[in-house]
Structure formats: C-alpha cells, structure tokens
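In what follows, structures are represented as structure tokens.
In the two complexes below, chain A is the common chain; its partner is chain B in one and chain C in the other.
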Partner chain A sequence: MLTVVKQGWSTFKSIFTGMGITIRHFFGPSVTLQYPDEKMELPENSRAKLYVNIDDCIGCFLCARACPVNCIDIETAPATADVDLGKTSTGNPKRFWLTRFDIDMAKCMYCDLCVHPCPTNCIYMVPDYEYSEFDRSNLIYSFSNLVPEQVADVKEKAEAEAEEKKRQREEMQKAKAEAARKKKEMEAKKEEERSEKDGKEKGRAPSKPENDGGE
Partner chain B sequence: MIELISDTGERREMTINMGPQHPSTHGVLRLELVLDGEIIKKVKPHIGYLHRCFEKYAEEVGDYAKVIPYTDRMDYVSAMNQEHGYVLALERMLELELPERVEHIRVIVAEMQRIASHLLGIGAFGLDLGAFSPFLYLFTEREKILDIFEKISGARLLYNYMAVGGLMRDVHPEFKTDVAEFVKTFRPKIKELDDLLSYNRIFIKRTANVGVLPVEVALNYAASGPVLRGSGMKWDLRRNDPYSIYDRFEFDIPVGEGEMGTLGDCWDRYIVRVREMEQSLRIIEQALDSMPDEGDVMQAIPKRIRMKEGEVYVRTESPRGELGYFIASNNSASPHRVKARAPSFVHLCLLPAISKGSLIADMVAIVGSIDIVLGEVDR
Partner chain C sequence: MTTLLNIPLVIHLALPLTIILVYALVAIWGERKVAGFIQDRLGPMRVGGWHGWAQSIADLLKLIQKEDIIPANSSRFLFKFAPFMMFAASYAAFAVIPFSSGYIGSNINIGVFYLLAVTSVLTLSIIMAAWASNNKWSLLGGMRSAAQMVSYEIPTIATVLTVIVVSGSLNLMTVTEMQSGNDILGFLPNWFIFQNPFLIVAFVIFFISILAESHRVPFDLPESESELVAGYQTEYSGMRWAMFMLAEYADMLLLSLLGAVLFFGGWNSPFGDFMSGPLWGFFWFMLKGLLLVFVMMWIRWTLPRYRVDQLMHICWSILIPLSFINLILVALWELIF
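Coming up: the complex of A and B.
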C-alpha cells in the first residue's frame, strides 16, 4: 500500500515537473528561424560551395590531385610564345591557358582538401548554400573564362607550337647528330691514316674503321 | 508468460522484420525477430545497408590524408572523435611532436563532440520511448556546439578539421569565450534533463530492469564505453590508456550502480551518458584554462606523409566506446591496410544476448540504450 502511494506520488511529481519545464520553454525565447523568410548568417569560412578565381589559376593541377572524389576536371594548354598571360595577384607567372576548369558540385564532399594545396589561393569555399537544381548536370560549374572558339584557337596554337618545337628539336638533334658523325668520320680518317702508317710499318692491311657516324 | 496457442494446440512462432526503415533503429538496421506472442525468442541483426567500403577505399585512395574525410562519415554523429583516432594513429607511426595548442584544441573539440553525440543519443533514446520534448531541448543545446564547430571548421557535421600533425585551420579568436559561454549555459541544462527525463517515473518504468547486461557478458562481447560502464565496470581509455593529453586532466568515470533496478539495465547505460557529459564539461574547463593563446596549429603538418614500413593500433575513447584504428604501411603512398574497430559494431553484436525474453516494445529501448550509429557498424 505504501509503495503504491509512493509510486503514485512520484508519478504525480514527475508529470508536474515535466510540465513546468515545458511551460518554461514555451514562454522562453524562440530558437528556430522561419527559413525562407529569415536566413541564418553563415560564418565567413563556411564550406558550402567551391569557387575558383580563374584569373589567379596557374593550372598546376594540385587541387585536382588532392580531391578524394575527383570532382575537379582541369584541362590546360601551354601558352604560346607570342602571348603573355601575365601574373597572378600573388606574383606567380601564368604559363597555361585553362581550357577547362569544371567542378562537379554533385560529387563534391566539401572536405576542403583542395583549398590548402593551392599555391595562389584561387580555389576556396564560399558560404553560398542555395544552389539546388532539378537536373544534376546543372551542378557542374565551369570556371574557365574562354569561349569554345578561343579554346579551339588556343589549343590549335599550342599544338602548332608544340609541333614546331618538336620539329626544331628534331632538327637540332639531327644537326647535332650530323656534326657528331662528321667529327667521328674525321677522327676515323685520322685513325685510318695512322693505322695505314702502322700497317705499312707492320706490313699488315689497313682495317676498316669500326664506327661510321652516330647513326 | 503469454503463449500463442494455435488451433492444433502447438505453440506458434512468428518472424517479423523490424527495419530497415524503422524510426527507432537509428539508421538502416534490420532486426529479424522471432516472436512468441509479444516475447522475443531470437534476434538476428542484419547489417550492411550502409556499407561504403571504407577500409578498401583507404587502401586504394593513394594518400593518407584523403582518408580523413571518410573517417568523418563512419560515425557521422561524432566525427571529431573519429578523426582524432585516425590522426593519432598516423602521428604515432610518424612519431610527430605536436604543439600544445593543437593538443588542447583537439581535446576541447573532442569533448564537445562527445557531449553533442550524447545529446543526440539521449534525445533519440527518449524520443523512441515517447518523450518528445527532451529531444527538442537537447537539440537546441547540440545546435550551439555545432555552431561553434561551424565557426572553427566551416562545416556542421563532417568537419575534416584535424590534419596529421595539426589542424586544418586555426580556431577563431573568440573560440575560448564561445566555449566558456557554452559550458556555462549547458550546466543547468543537465539538471533540467534530469528533472524532465532521467527521474521521470514513466521513463524509469520503461527502462529500469530492461535489457540487463551483466558485466561478464559485456566483457565477453568486448563491450566498451558507456555500455560497459553501465554494467558497473570502471573502464575508460582516457584514464586507463591515456592518449593525447588526457592524463593531465582530472575527471571521474561514472559507472552504473543499478539505482533504479538491476545493474546494467537500460537506465544505467542512459545515466552513464548523462553523467559523462558533466565530466566532459570538467575536462573542457581545465583544457580551456591551460590552453596556450598563441601558436601555429599548422607548423607540425608534414608536407608529404612518408610512412615507414610498420603497423600501428591506436585506440581512443569515442562517445560510443573503444574506437581503434589498425594501420599497416608498406612504404607506399597509401596505407596497405586500414582496419577500424568500431564500438557500434561490437555493441550491435551483443544485442541478441541482452534482448532475449524481453517484450517487443522493449526492443526499441534496448536498441536506443546501446546507442549505435549504423554508419560505423557498416563502414
């Protein structure tokens, strides 16, 4: 009988303690925001969306390599000798056209690992979180500031230059090889003469030079 | 005992599935229950719905640092603790010396994360048993912790804040005052929680003498954390095998005492979590006092992680229990093998042992009281 009364009392008490706390909270300040009308101010360094300041990008691929989910897709073309791409705001010289710099925000895991290796601090997170899309492909953000014609032009130029350079290099190599061959031939002739002399002395036929040029 | 009698007079057993889409299974867990009326005869947990190949990924990714964001996603409720264990393991392999400031910030965020995790665990436990208001009030408090974390790391849940040898970024200048303010406002809330939930008659009725886990069984199943301490065993890795700078702080290890019923019941496991939050507050206060104001948190971060050949196993006290990382390195850029010893997985294994013979309604209480996170179970 006593336990029943005791338990009854404790039940009664817990109901009213609970009610008291609930009422206190009811009249306390509200802790929620009515979202579309009121918005929470995100801290400055919030990680919500990746942004690339393409003017500062030097095309070093460090961010793409650091990404654990491979959501950064970069393609570069080397700048030809006739153009100067200038320098970034941090003073690094730019040597590449960025023909493609796509970030797939649908894949991004917001880990911040791409931000730290960047030598010019041009890739960073911005606190912009309202960018939902109906189509997943719309979440691929292109940061390259070149239009397709420019991209084709730049690529063509770069290829032409690369071809030219390759040709020059080959020519240079050929010239080098030629020079080396001539030198060796000369040496061989000298050798021959010497060996002829030796042969006459020793009474033996001259041997043919073993190496004939740098082929 | 209720017995279900069929027409032929034989007892009939019924098999039902609880989950995978069940609000009280804390994720995607399927429990195959063999019932005799309302009494549970057998429980078989089915896992794997959230499997993401964490361990295989870690071997394939090609960089030790790229694994850290994935450790966040193991136990997404206590991401800081998961990171802490992983980076500690790597640091022990690299034999790095850490700046004092880094160690202090790490301990502070780890303890705050422990509180946040317990708040969610307790809140969801109450919610499972029909106590709705405590859940909301506790989440208000948890929100404050997440706000501080968002300020320091930029993310609310998956921080990727700790780096091997340091932190990804320094804390904001008002960090100390923010945390001190939180500690001050949070203390009275624990008292409020006690009034509202812990000593509530209905709550006690639902949890006392339910899902009793004797200490021998707990040890046999290698239970750890609040589950083991709820059974009366004084075992806390922060004290028994100190890592980081935990050996400098003074704190008690709360254990279950069977106050409301049998030792090791759901209520004991619950109250251990509540009292642990107070101890975490104590640790935070001490760490705030001794934390140096100056110092570069990124100075000890190696440019490239060059791991020598070898193995390491580091265990830390996560909010759920002993979280161990075994890492084997073979001199290449990515680990040869990473094995995570997840406390949630171990605790899920002991679910059949403690829920036999209880009512199906109590199953919800038992699952809630062991506080599993399925992301960690399946990895």
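Coming up: the complex of A and C.
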C-alpha cells in the first residue's frame, strides 16, 4: 500500500516537473528566425559567393591556376603603350586589360583557394547566399567591366602593337644579323691579310686553310 | 406545428454547430501555436497576418479541394458513412450542455446519462471506419481505439457518478445552478471541486479518463502516428478526414465542457454576482472549457505515449478501483457532513 502511494506520488511529481519545464518554454523566447523577413548576419569570412574587385585585378592568372575545378575563366590583353591603366589600390601597376573574367558559381566548391594567392586581394568571398537560379548558365558571373566593342577594340590594338613590336624586333634582329655579318666579313678580311703576310714569311705550310676560309 | 421551418429549432441546431466550427478552427491553430511555443518555435506565422491566425482556414480550403479517395476493396457505404456518424455523435452530445444560464439545447432530466450514451457511438463509428477501410493499420488502430474507449468509459462514468451523488440530479443545468454563489471559506465559489476533498481526486481521475477517451497524448494509441500511420484515419482523405478531425476536436471540447460543468461550476462566474449574466456566463463557461483544452494540449507536448498494456493497466487496475473507492468515500462524506 505504501509503495503504491509512493509510486503514485513520484508519478505525479514527475508529470508536474515535466509540465513545469514545458510551460517555462511556452512563455520563453522562441529561437525561430522568420527567414525571408529577417536574416541572420553571416560572419565576415563566410564563404557564400565569390566577388572580384575588377579595378584591382592585374590579370596575373594566379587565382585561375589555383582553382581545383577550373571555374575561373580569364582572358587578358596587354595594354598598349598609349594608355596607362594606372595602379591598383595596393600600388601594383596594371599592365593588362581584362577582356574576360568569368566565374562559374555552379562549379565553384567554395574552397577559398583562389582567394589567398591573389597579390592584390581583389578576389574574395562575400556573405551573399541568395542567388539560386532556374538556369545553370545564369550562375556564370562576369566581372569584366569592358563592353564587347571595347574588348574588340582593345584586342585589335594589342594585336596591332604586338605585330608592330614583332616587326620591330625582326628588324632589329635583321640589323643585328647584318652588323654581325659585316663585322665577321671585316674580321675575315683582316685574317686573310694577316695569313697572307704570314705565308710570305713561313712558306707554303698554312696555305690550305687559307684557301678554305677565303671561299 | 404549422410550418416545416421551426425557427427556434433551427437556432438550437445552429448555435452549437457554430460554436464547434469556430472552436475547431481556433483550436487547430491554437494547438499548433502551443506546440510551437513549447518547442521554442513560433508555429504558423504567415497566413492572415497576425501570428498566422488564418492558417486553419487555408487548411480547410485545401482539404475541400482534395480528392475524395475511396479504396477499391473497402466497404463503400460504411467507409463513406463513418466520419459523418462520428461527427453526429459528438455534435448530438452538445444538446445537453448548458452554454449559459439562458441557453441549453435540450433541458432534459437525464442530461449526463444521454451525453455518455451518445458519445459511446463514437467508438462504434471508429470501428466502422477501421473495418471498412480494409487496411491492417486502420484495423489495428480501430481495435486499440475500441478497447481504449470502452475501458476508459468506466472510470469516466464512475467519476461522473461521484458528482451526481453530490448534486442529486442528472440535469446539467440543475447541476450548474447548484454551484452558484461564493460561500466556501467566505470567498471561494461553490464549485463542486471546492465542496468536497474527494472530488479533487475524482477530478484527477476524470481528467485522465477524458484524455484517454478523446485520444489525446499520452493515450493516443489509436492514431499513434509513429507506429500506425494514422490509425483508423489512414485511408481517409480530403473532407472525410477533416470530419474525423472535427469530431475529435469537438469531442475534446465536449469532454472539457463536461468537466467544467461537473467540477468548475459551468457558467458561474468565479466572482459571485460580479460579471454574471447570460453572456458573461457563456464567456466563463467557454473560458473554463478552453482552459481544460489548453491543459490537454500542454500535456500532449510534455508526456510520451504509453504502451497498450500500460494503458490497460492504468485503467483496469488503478483508475477503476480508485474511482469506485472514491465514490464510496464521497458518498460517506455527503452522508456525514
């Protein structure tokens, strides 16, 4: 009889303990975040989306090479002599037009490996995670700030300059070769004269190589 | 009887129905909010503006549009009929509930008896639904439900009998009127729960029994969703399923209101003559009923479910002997004092 009373007492005690806990939670604060209306502030270093500050990019390809999944696609054109692209905010001189800087966020695996090699800290992750799309191709983000006409123009100029430089180099090489040839001829002549002199002094011994070199 | 349309009868029919329907919408929303708050969530928040109050209305509209699926091998007539019979049973029982001093559906002298008799049809309709579904989960749920309801009707009736011993009347209006006034210790209302210490025990037994009778946790074995899918409701969809839901919530309210009448003075104001009258009576009555409903929800999110054998053990070897001993003690107390 006593055990029954004891058991009954402990049963009710545990029930009321449990109900006390639940009623405390009933009046306690809720942890729910009403997501589309209120959003959690993500930490500064959270990896959600890549961003490129194209004004600071020097076109060094280090990020593209670091990427394990090849999601960064860069194309550059060297700046021609008549334009000065200025310097980045870190003081590095910019020498290339960035005709293409595409990042395919569908491929990106958020490894952060592209961020650290960047010499000017212009590629980094931003805490923006709401960019789902219906079409996968919409996930390719273009960071180049050149319009297609500019790209064509810049490429043409760069090619023209490259052509020009090539031509100049070839001319220079030709001139060099010419000079070298002349010098050689001169030296050969001198040699001939000297050997002729020597031949007269020593007789017929060195006459054979002299004939070869002369022709 | 000159016209077919009897206006007072229509009002008598429509009033409890309106109360049940509005209550069901509020209670389903409220249950989800209570669940949310207890689990440190918010519950439905988006439909209708303030705290998602229109969520149940949206759910209802969705249920109306749903396809009414009837399994090929079911017993069609019984399958279709069961939900309506179940709701009819719990709705019919509201006839004898005195909603306020000015309104009772049917002021009959065998009120409580009628109520208990009519609600036992619920068991029948659950078995009907379970059997007609031709599904093992349904049948298992139906069998459990039948066993449970039949068993727990005994302690319910025994505790109701305890109150009847004190009141001497089966008419719920008379029972309520007997509890008017504030005489106990000079300020407590004359509710039965304060009149006799053994009636507190009776109320505890009564409350446990009505939890089991309305299939609430920790006695929700008939529709234990983690074991039996949804028990006897498994094969139902759309509005027929909604009828089951409605009947279940109506049953919850009915038994809570019965508890309020029997133990907490029905429509009597707790402040004596202050704030009393037919409309205030309705307010107090519903407040008491809804408080009990809230406690039911509160318990749902606190306690785990019992096993079948534990359920039967609690009923047959604890509640039934205790309620009969209590009945004798209450009768002795009434004889002596």
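Here is the rule we go by: the second predicted complex is superposed on the first by the 170 of 215 C-alpha atoms of A that agree within 3 Å, B and C clash if a C-alpha of one lies under 4 Å from a C-alpha of the other, contacts with A are read in each partner's own complex, and residues count from 1 in each chain.
In the analysis below, a residue touches a chain if its C-beta (ideal position, glycine included) is under 8 Å from a C-beta of that chain, and two chains touch if they have at least 3 such contacts.
Values in this document were obtained by computation on a predicted structure and should not be read as measured data.
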Residue contacts with chain A in the superposition, chain B compared against chain C: B
Which of chain B and chain C A:10 touches, first, second, both or neither: first
Contacts of A:18 with chain B and chain C, given as first, second, both or neither: both
First, second, both or neither for A:94, with chain B first and chain C second: neither
Touching partner for A:68 - first (chain B), second (chain C), both, neither: first
Touched partner set for A:157, first chain B, second chain C, both or neither: neither
Chain B versus chain C as contact partner of A:47, first or second or both or neither: first
First, second, both or neither for A:113, with chain B first and chain C second: first
Contacts of A:31 with chain B and chain C, given as first, second, both or neither: both
Chain A residues contacted in one complex by chain B, in the other by chain C: 15, 18, 21-22, 25, 31
Chain C partner contacts - residues on chain A that touch it in the complex: 15, 18-19, 21-23, 25-32, 34
Chain A-touching residues of chain C, taken from the complex the two chains share: 34, 36-42, 45, 298-299, 301-303
List of chain A residues in touch with chain B within their complex: 7, 10-11, 13-15, 17-18, 21-22, 25, 31, 42-43, 45-47, 66, 68, 109-113, 116, 125
Chain B - residues contacting chain A, complex: 61, 63, 65-66, 68-70, 133, 137, 140, 143, 150-151, 153-155, 158, 160, 168-169, 172, 192, 195-196, 199-202
